[in-house]
Every structure is written in structure tokens, then in C-alpha cells.
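In what comes next, chain A is part of two complexes: it sits with chain B in the first one and with chain C in the second one.
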Partner chain A sequence: MKRRTLLASGAGAATMAMLGLPARAQEKTKVGFVFVGPIGDGGWTFEHNNGRLAVEAAFGDAVETVYAENVPEGPDAERVMTQMALGGADLIFTTSFGYMEPTLNVAAKFPNVKFEHATGYMRADNVSTYSARFYEGRAVQGHIAGNLTKSNKIGYIGSFPIPEVIRGINSAFIHARKVNPDVEFKIVWAFTWFDPAKEADAAKVLIEQGCDVVLQHTDSTAPQAAAQAAGNVYTFGQASDMGEYAPMPRVSSIIDNWAPYYVERTKAVMDGTWTSVDTWDGIGRGMVGIGEISDAVPADVKASAEALRDSIASGAYHPFTGPLNKQDGSAWLADGEVADDGTLAGLGFYVEGIEGDIPS
Partner chain B sequence: MLTLEKRPQPSKAWVYAAPILAVVITMIVGGAVFALLGKPPLEAIRTIFYDPIFGEFASYSRPQLLIKAGPLILIAIGLSFGFRAGIWNIGAEGQYIIGALAAAGTGLAFYPMEARWLIFPLMIIAGLAGGMLWAAIPAFLRIRFKTNEILVSLMLVYVAEAIQASMALNLLRNPDGHGFPGSRNLSQYSSSANLELISNSGIHWGVLAAVTAVVFAYFILARHRFGFDVRLAGQSPRAAGFAGVDAGRLIFICMLISGGLAGAAGMFEIAGPAGRVSIDFNVGYGFTAIIVAFLGRLHPVGILIAGLLMALTYIGGELAQLSLGLPGAAIQLFQGMLLFFLLAVDVMTSYRIRFGKTE
Partner chain C sequence: MDFSSINPILLLASLMVAATPIILAAAGELIVERAGVLNLGVEGMMITGAITGFIATVTTGSPWIGFAAAAVGGAGLSLLFGFLTQFLLSNQVATGLALTLFGLGLSALLGQGYNGIKAPEFPKIDIPVISDIPVLGPILCSHDPMVYVGLGLIAGIWYFLKYSRAGLVLRAVGENHEAAHALGYHVIRIRILAIMFGGACAGLGGAYISLVRVPQWTDGMTAGAGWIALAIVVFASWRPWRLLIGAYLFGGVTVLQLNLQAAGIAIPVEYLAMSPYIATILVLVLMSAGRAPGSLGKIFHASR
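And then the complex of A and B:
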């Protein structure tokens, strides 16, 4: 196996000297993971941890993985990453948007450790970014939700008003309206990625307001449980399949599948071929999975949803295809025009028809 | 038969022995929990308590200890005045947030002007003032309307969190931030940055402020009339009344001290380690400081030690996660046990155990 390279470079040695540390060498490739939630969240962190386990399964004794859970975004994250790098990590995955600056700060101190930051936009020679086109999955969700709703009210639990979440709301709304012009979205902001109590409250409020489909961009299964208790309410698994709530209330899901990417990047570090890249993959390359559409969905809706999924996967259809107007009625995309990645990456407005304001 | 008998005087020996015993019991029970999880208990305890100070990478983690302990000590010192006088400010977390926001707002208002001599001190004043203002609300309501300051100060934490989210999304949002919430980075703006004073020491202005607060608190409590009033009010409010202590004034001053120091801690954190106002930059220092205050027996020197100990469990806990794969929740459990056992052992300060029949 390749030897650890941190100490090989002058800069790395300088860092070590600055910190007054002894030199160390090891045989295994060490891969670190920084998690924002607990690995048992059943959603976001759970799937990242599955990616970690896939790396272990793929390389066996050739790798060693380490992880830290529940790491707050800020100085604590920077410390955890530094400890990982000092402990000999060759590759570190930082799996939350808020780790962006800490990742870059630590990466600057350890030029020979490779960093992979999820969902951010700042890169460096030893920092890659990666994310998934979740909005592709949201299109399928919106399609199913628009077909299923009888009250024509669809609830949406937003986490933070950042472009990723706003993209998801827009994509789901566009495709719900397409199949059901009377559909309305009720959006509540939880200001958390993972807080079962808050998420359950949000779901209950939405259900009381008459929503019979609840979409969520938060990571716990609490909204699923709330929907189950309420009865005739449909939900979708978020980040993870949440299959324990199938066939009702969970009728399908968006599954983050990080495993192939994590294995590929670990391999690149082992082979010495790792370079800094910006990856944004979707359904086509398997980073976004659509969970089994359950029997609670009528067969024709299921078939059309799967057709939509396949056309997105093949690249034949883009979820943000004009004509589309912004919420204020001004034109965004002309007929047949497709949104470019730059605009999508920083998306900060609702499309026409969505009620309410993005919190500010 | 075992009975508890009230001591005529609180035991001096137990006052000092209780925290040490609590730490030892926590180590034993915590070690047992780690063993049940299939992790080597002695190695885990060593990783948590020894490695951050003397381990292989201690030259990195020792300064981190100060960075983590600084705000805990500063806030806990403030809280200790009120707690001694029987005034329960549980909302230091909110005062910390408002102090940080006030300071960040002040600093960003001048951006990109280069005038550290003016802006940095103004930010400290703003941090103090913001925290005091937030603490003045429960103080005023308690004095004027006899509301319960525990509830009011706690509820105001959630209000502060809502304001913080709104600030990160709107008023203080970085115009160059690609549409993402969060302010500019104050630690990268030379007029506002609260950087290390000595490279790799971990000592920034907030750590100095914490040490200064410890010294001041010590002298005020031991030598000053105000310190006497505080202790008297805590031990016997009636006697304090007879001695001419104005209860309302005491409440107000204690709340302002704790709020101001929490706000200052927020300022030092937002201008330094945390760097930017985000939707959720607070990480619970205001709540953890309550544990630190009690673990330190509400005594300034005790708080200094307790703050360092608490920081040690955080940093050592992370190391244990990385090197031994201990779950994060086990570390939190461990920290919780510390307070739990302290309260349990604390009974011995005021009571003694008698064997055999009571007369």
C-alpha cells in the first residue's frame, strides 16, 4: 500500500514543525468522515455513514475509517478535522454545507491531505466538492404528490433557506402543478436539519391545515410517524429510504447514494490519481435514488412517475425547463430553455405560483 | 439502617471533596458504560483526560482547550453571582447570542473601514451591552411583576435564536455569499478579528477576559461589600433585608453581570473562533456554563478549573470518537453524568450519613 504522504512535502513538514509534532508513518489509507448528525438519524448522516461502510467493504484491510458524529458547524468542526489530519487521515469527507470554511482552513494547513466537502462551492487544490441533484428526485416527488392530493394542499418542511432546499421546493412545485393545476404548497421552515420534535410539530401543523401530502427536507423519520398517526397522509422518505413506513404513509423516497462516489474517491487517493473536482451527479449516475414507489400509489401514476424518472436519468428531460416565471411574474426561462447549473447552484427565488416568502 | 442527618454547618472538607469524588465516580461509571459498548475503558478514560494535555498531538489540543474553556469560564463567572444570591439566570445562551449579534452588527457596520483601535473596542462594548439588555428583560419583569426569571430568561433563548436566524438571512447576510445565509467572516476582517495573541497558544482576547473575570470575581466576592450582599442574600434573604440589601437592586446587578459577561463571550467567539453569524452559530456554551458554574462550586477558582475540565471532556471526547470509535452520544452521557454525580455527592456537604438507629 502507499505510504502516507503528509510528511513528504515541505509544507506538510512545516506544519508539523510548527505544531511541534513527531513524524509518523502508516501503511493503511485512512479515511475520515465528519458528520453533522448522529449516524442513527435514519436520513442524511445515516446514508453518509453507509458510504463509509461501503468504503470499508470495498477495500477491507487496506483502509481504516474514522468518524465523528454530531459535530457543530464552526470552530468545533475545524478542530475535529485537524485532529483527524494529525491522526494520519489521507482523505477526509466533510458532509455538511456549514463545514465549508473549516474544511478550507484545515486543508490549507495540510496540503497533502485530500478533502471532500459536500454541497459547498469553495474548492482548493486539495479540496473537492460534491453534491447530488436532489431536485431531480423532487420532480418525481412533486409528480406523485400532485396526483395523490385530494385537498390540493401539499405541505413542505424546509430546513434552511439555502439554494439546495429552494431548488427542491421549486422542482416539486413545478411538477405537482403540471399534473394538478389547483395544487398549493404550504411551506414551513424548521431551521434545523435534524430535530425530531420540531419536525413532528411542523408535520402536525401542516396536516391540521389540511395538507394530505407532506414533503420534507429534514432528516428524521418524525414527520413519517406524525403522518402515520394522522391516517390518510402521504409522505416521502428523505435522504434515506425510510422503508419502515412503507407502503403508507411513505409512498416513495429520495435516497442519497454516496457509496459509489466515496469508493471511487478513496481508490483515487490510493492510486495517487486524486485531483480536485466539482461533482454534481443525479439520478443518471445513481447518486440520487428513487425509492420503491409503493402500492398506495395508483398504477398509472406509478408508471408515469417512473417514466419521468427515466427521462431525467437519460438526460432527455431537465426538471427546470421553460417556460417558467419567477414568483413575481417576471420571466425566468423561455419556452424550451433549460436552467444552467450556475443559476441553479445559487437559486434564491421561488417560481411563479408558490405562495409566501423565502425567510429573510 | 442508613439515615441522613443535617450537619449544623456545611462540611468544609466535603465542599472540596465533592467535585473530585464526582469526577472519580464519573470515570468509574463512564468506564463501565464504555466497557459495555465493547470499548477498552481504561484507554477511553486515558484518551479523554490525558491525551489532550500530554498525548501525541497535545501541542495542538492544549491551545484548543483554552479556546473551548474561555467562553465557558467567562459565562460561568457571570452566572455564579446570581446563583449565589438565589437569582437563576438560565438564559445565558440567549444573552450570548444577542451579545454576539450586537458585536457583529457593530463590526460589520464599519466594514471595510480599517480602524481596529476604534472598531474592536466598540464591538466589545456592544457585546457587553447586548448581553446586558437581554438579561435586563427577565430582571425587570421579575422586579416589577414578580415573574419567574428562570422561565423568562430561558424562553428568551428561543427568541434570541429566532433573531439570530433572521440576522443571518437578512440584515447581516454577506452580500458576496452566493445566496447562502451567513454574515461576512469577522475573523478575516482585520479591524474586528479576535485572533490569537501569541501564535499557537490558543490565547485570544476572550481567554484573557475570562482570566480577568476570575480575578475580579474572586476579589469582589471575598473583599467587596457587594460580594458580601450576594452571599448574604443567598444564605438568608430575610437577614439580607434587615441588613439593608435592596433585593431589586441586587437582582438587577446580578442579571446584568451575567448577561454582560455572556454577551462579551459571544463577542469574542463571533469575532474569533466562530467568525461569522450563521443561522445556528451558538453551540450551547450558555447552557454548559451552568454545569461549569456548579461543578466549580460557584467559586471563581473552582469555575476556572471546572471550565478547563469541561473543555477537556469535549476535546478528549472527540479524540475518543476518532481513535476508539466511541459513539458521540456516549460522550454526551459522560458529560451529563459529571453533573449528576456532583449533585448526588453534594448531599454530603450539608448532611452526614448515620449508621444505625436515629435517636
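And then the complex of A and C:
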């Protein structure tokens, strides 16, 4: 319904423009996207691009989208954003943590352009931030992984030691330990979001060292392929469903669903109601999806994992609920206490039981 | 904190696998540079080889045909570079960089619809008897054939440059193209052949990543391996066996640092990750910029 009225008003505006009448909205709204990987990565950037396509589908001729792939995090990103802003973009989504400072710098130069930075924590009058509570999905993964592992060694491929990734490791670990007290995590930092060869190497190393479940926080499907070659290793889809590796090795996944948010924010720019906000949605509002749990998972584990998912979605259960200690043994959350969003947003430590140091 | 979880045999075996794409691409670039041409498009040719090899393998079901197609794809793209630099006399550095960008775009275009498809498996050769030898067997003799192709290529290039007449001519063209021209050698033809050889080798290296090491197709999957290959050629000061050492060093450090991390050993990975680059700089300083071929990167035209 909404879409139809929108299209109708778009058509009306076009007619008015043709008649030479003064019309406000005859110009297309231009939406830019800055991507850290290629849109064909099958993971993170792939899903952001799906969000872009959803914006096009929702508004049709009323919007024009532009995007840049493989933009390195750093000064080059600033150049790309500046170019988009100069090119007439009204709204620019910058979709990686490392774009935080470039986004703020460029936003300061273009006060009339709206910016949306994914997974960051710094805002300005024309810069919003948005992220998804991936750690909710990680809790479900940890629950399944703790049940599935026979060697009690779970491998984890980290990208960069930033709060988002550390939250994921902690959340997965807490819930794996809950169902399997003997479980230990082997964490490898790849220091990249996307490098299939390196990700495959990392997965192989973890498998060689005895891990029979491998979790990844990098964007390509290479670890899935490595696990498949090994035969008896379980993995989870990251950012996208990666369903082509189901039912084995991929037993479930975290799916990022940005489409509703992108459509909503583009609409806000069109209506002139856009304001700077901080959005952090999870399973409950559909920004994080849990991919189909495959038949490789025993039925009782699948049922308990789905129950966990539903209790998180309804808000009945928070993945960071005390009692929890920090890695050094000091108290973090008391019994029944729930972590507040501020602490979670800047999380920089492991919980008790995880071995190893977070690289600086 | 325990080293015991690292299996040195598996470590050395995976080192050989990790080094192979770099060996293949760097070996080709070595010949190109010895002929006096600087082709910075290695990354572009690798990724083109990766996708053409992947498409051919998925279509025909045979990894061997895939590797052949990868060599053809890489050589085809390098021919573009050859035409621009040798006949239209364009700047080699700029053309090479453009070739990389073009190759990345072209491969993403060709790869539409191949994301997430699995390639048929490339069987490993288990050499009977020898592969049963403890320690050495699993390290040296349980790999896929391309690992041996890479080693053979290095040996072949070494022999070619050192002992064959054609190798001598190629080196002459690279050292001083005007003198070689005066002696009656066809500089441009030799260089075009060298560029095509380099493209074919880069294509094989790319296909090794998409068919064996990962194995699947994702956009931009070579992720900088071509640039490392270029650095290794300089590191090796344009000599084949040193190139092998350089590639094993890079491959070894990559695999070792992942192993150390997984074993929970607290060596800052940044130091390990930068060590091959430091080694390259050291080698360059010690050898005072190596012995680059005399005509490297210079444009040749018979009229001058």
C-alpha cells in the first residue's frame, strides 16, 4: 500500500514537473553506499547490497543509488565519500567500522548530506550510526557449537579486535560453556575483513590443531570450503546465510537484514524527517536473522537453540546476564544483572575462561 | 601457551601450499623483468586466471583443463599489456596498474553467477613408498600436482636462464635492448613472448587459489597476492632459487603466525606479519638495490 501511494505521488510530481509547475520533489533522491568488500563476497557486503537493491525496489524511479566496492578503510574512503557527496548524493551509507573517522570528516564538510555509519559509535548532526546486535546470534551459535563439539575445541576466526568482534567471541563462549563446561576457544585474528586465501588458511590451521567447530567473523565463504574439505567440521554462515554449504559443514548462520532500515532511512530523507539517531536492533526487530538450523544438528539441540533464539527475540533473556567475571577473574556482572548498552558498545575484554590476549 | 599443539609436519606441508600461488606468479614475472619489462599487472592477471580457470573447471569437470584455461586467460590479458607497451609504447608502470584494475573488474564480470559454486576436487598425488616415509613423506610427497609444477617451473627457469641460448638472448634483451637489437635480435617479439609467459604463470597462480587453496570463486579473492609476487622478484634480486626462498619465507610466516595464534602463544602477530617485508628491505640495502636488468621498464623503439 505504502509503496503504491509513494509511486503515485512520484508520478504526480513528475506530471507537475512536466507541466512546468513548481514542484518540490521532482528531483531523484540519490543514495550512496560505500562497501568494504566486493558485492559478490557472499557475506557482509553482499547483504548490504541486498539492502541497496531493496531501496531501489521500494522507491523505483524516485531514487537513484550509487555504490563503490572494495573501498579500503582509511584515507581512500574519504576520497570516495567526498566524490559521492560532490556527485549529489543526499544520503550516504558507509558500511564498515573503519570508515568511522572518514565519515565524520566528510560529513563536517557537507552539512547538507546525511550520513549513516554502520557499527560505529561516533555521531554528528548529519551522521547517524546503526548496527545489529550480532551477539544475540552468536549466543545461538555458541549454544549449538558447545553441543556439537567432540574435541571440545572451538576455533574462532576474528577479523579485527574491535568491540563488535569481541562481543561476538564473548557471547559465543558464554553459551558454549553453559552447555559444555569443558569447551575451550582457539582464537585467530586474521586482521582483514575479506581475504579468502588467508581465511582458508586460518580455518585449516584451526582444524589441524583439533578444532571441530569453526566460527568466523570474516566475510568470505572460504572457511566453509576448508571445513567441507576436512569433512567432519561444523561451521556457521556469517553475515549471509551461506546456504550453499548446508547441511554440512554450515549448520546455521547469522543473517544481516539491512533492507528495512535502509528503506526507512531513505524514506526519512525524502520526507525531510531525517534526524541523527543511534539504532541497534537485534533478532527481535528482524535486523539479525538466524538461518535454518540444518539436520546435521540433533533434534533436541535444534529445539533448545530455537528456544534460546525466541527468548532473546522476545526480550525475556539477554545474552550478557550475570553472574559473569572478566578474564582476570574480577567481577563484571552480578547474578541476574544485565550488561548495559554503553558497556557493550565499547567492550574491550574477554570474559572468564577465554585464554589468550586481545591484540592491541 | 603450548607449542605441542602445532604439528611441525603439517606446518611445513601447509607452508608449501601457501607459497605455491606466489611462486607461480613470481616465476612468470621474473622472466618478464629479465626481458626488461616491468608488468605491474600481476594481480590483474592472477585474478583473471582464477576466474577463467574456475569457469573452465566447473564447466568441464576437469581441474587440468581449468589450469590450462587459466594460463590462456592470464596470457590473453597480458597480451593487451604487451600490445599497449610494445607497439603503442605506453608507459609500463601506468599500463601495468591499469591492467590490475581492469583484471579485477573483468573477473568480477565473468564471475557473475559463479559465486558460491564448488569446484570439483583436485586430487592429491600420493607417491607410493616415498609418501610413507615418516616426516619427509607428508611434507614433500602428499601434495596436489601444482605444487610440483611450481617447483619444476623454478628449476626450468633457472636452467633456461643459465644454460640455454634462448635464455641468454632473453637476458641480453633485458640488459641492453639497443645492443640486442643491433645484434639482430627481435626485441619486441622476445618481449611479447616473455610477457605472455608471465601472464600464463600468473594465471596459473590465480587458479591455484580459486581451485586448490580456497577452493571457490569470490570477487577479488587474490587479495594482494600479485603484489607480494612482485615484491618477491625484487627480494630474489631476479634469481630463480632465491625467489623460491622468498616465497617460502612469505608463505611460512603467514602460516606460522596463524599457528602461533591458534596455539595461544603471545608473540605480537604484527612483528611476524612485517618480517618478510623487513627482510626484503634488508636484502635490498645489503645488495645495494640488487642487480636489476639494465633496460627494466624502459621503452624500446627501433628508430632510436
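In this section, the second predicted complex is superposed on the first by the 334 of 360 C-alpha atoms of A that agree within 3 Å, B and C clash if a C-alpha of one lies under 4 Å from a C-alpha of the other, contacts with A are read in each partner's own complex, and residues count from 1 in each chain.
To be clear about the criterion, a contact is a pair of C-beta atoms (placed from the backbone, for glycine too) under 8 Å apart; a residue touches a chain by one contact, two chains touch by 3 or more.
Keep in mind that this is a model prediction, so the values were computed, not measured.
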item	value
Chain C versus chain B on the shared chain A, clash or fit after superposition	clash
Chain B versus chain C as contact partner of A:F191, first or second or both or neither	both
Partner chain in contact with A:P38 - chain B first, chain C second, else both or neither	both
Which superposed partner A:V277 touches (first chain B, second chain C, both, neither)	neither
First, second, both or neither for A:A225, with chain B first and chain C second	second
Contacts of A:L206 with chain B and chain C, given as first, second, both or neither	second
Partner chain in contact with A:E244 - chain B first, chain C second, else both or neither	second
Which superposed partner A:I162 touches (first chain B, second chain C, both, neither)	first
37-45, 73-81, 109-117 or 325-333: stretch of chain B that collides with chain C	325-333
Chain A positions touched by chain B in one structure and by chain C in the second	38-39, 69-70, 191-192, 359
Touching residues (chain side chain B, partner chain A) in the complex	56-57, 59-61, 64, 67, 165-166, 169-170, 173, 178-181, 185, 200, 269, 273-276, 278-281, 283, 314-315, 318-319, 321-323, 325, 327-329, 332
Touch list for chain A against partner chain C, complex	37-42, 69-70, 155, 186-189, 191-192, 194-198, 200-202, 204-206, 208-211, 220-222, 225-226, 228-229, 242, 244, 355-357, 359
Complex contact set, residues of chain C against chain A	5-7, 10, 14, 18, 21, 104, 108, 111-112, 115-118, 121, 209, 213-216, 218-225, 254-255, 258-259, 261-264, 266, 268-270, 273
Sites on chain A touched by chain B in the complex	18-22, 32, 38-39, 66-76, 79-80, 82-84, 86-87, 97-98, 101, 121, 160-163, 191-192, 345-348, 359-360
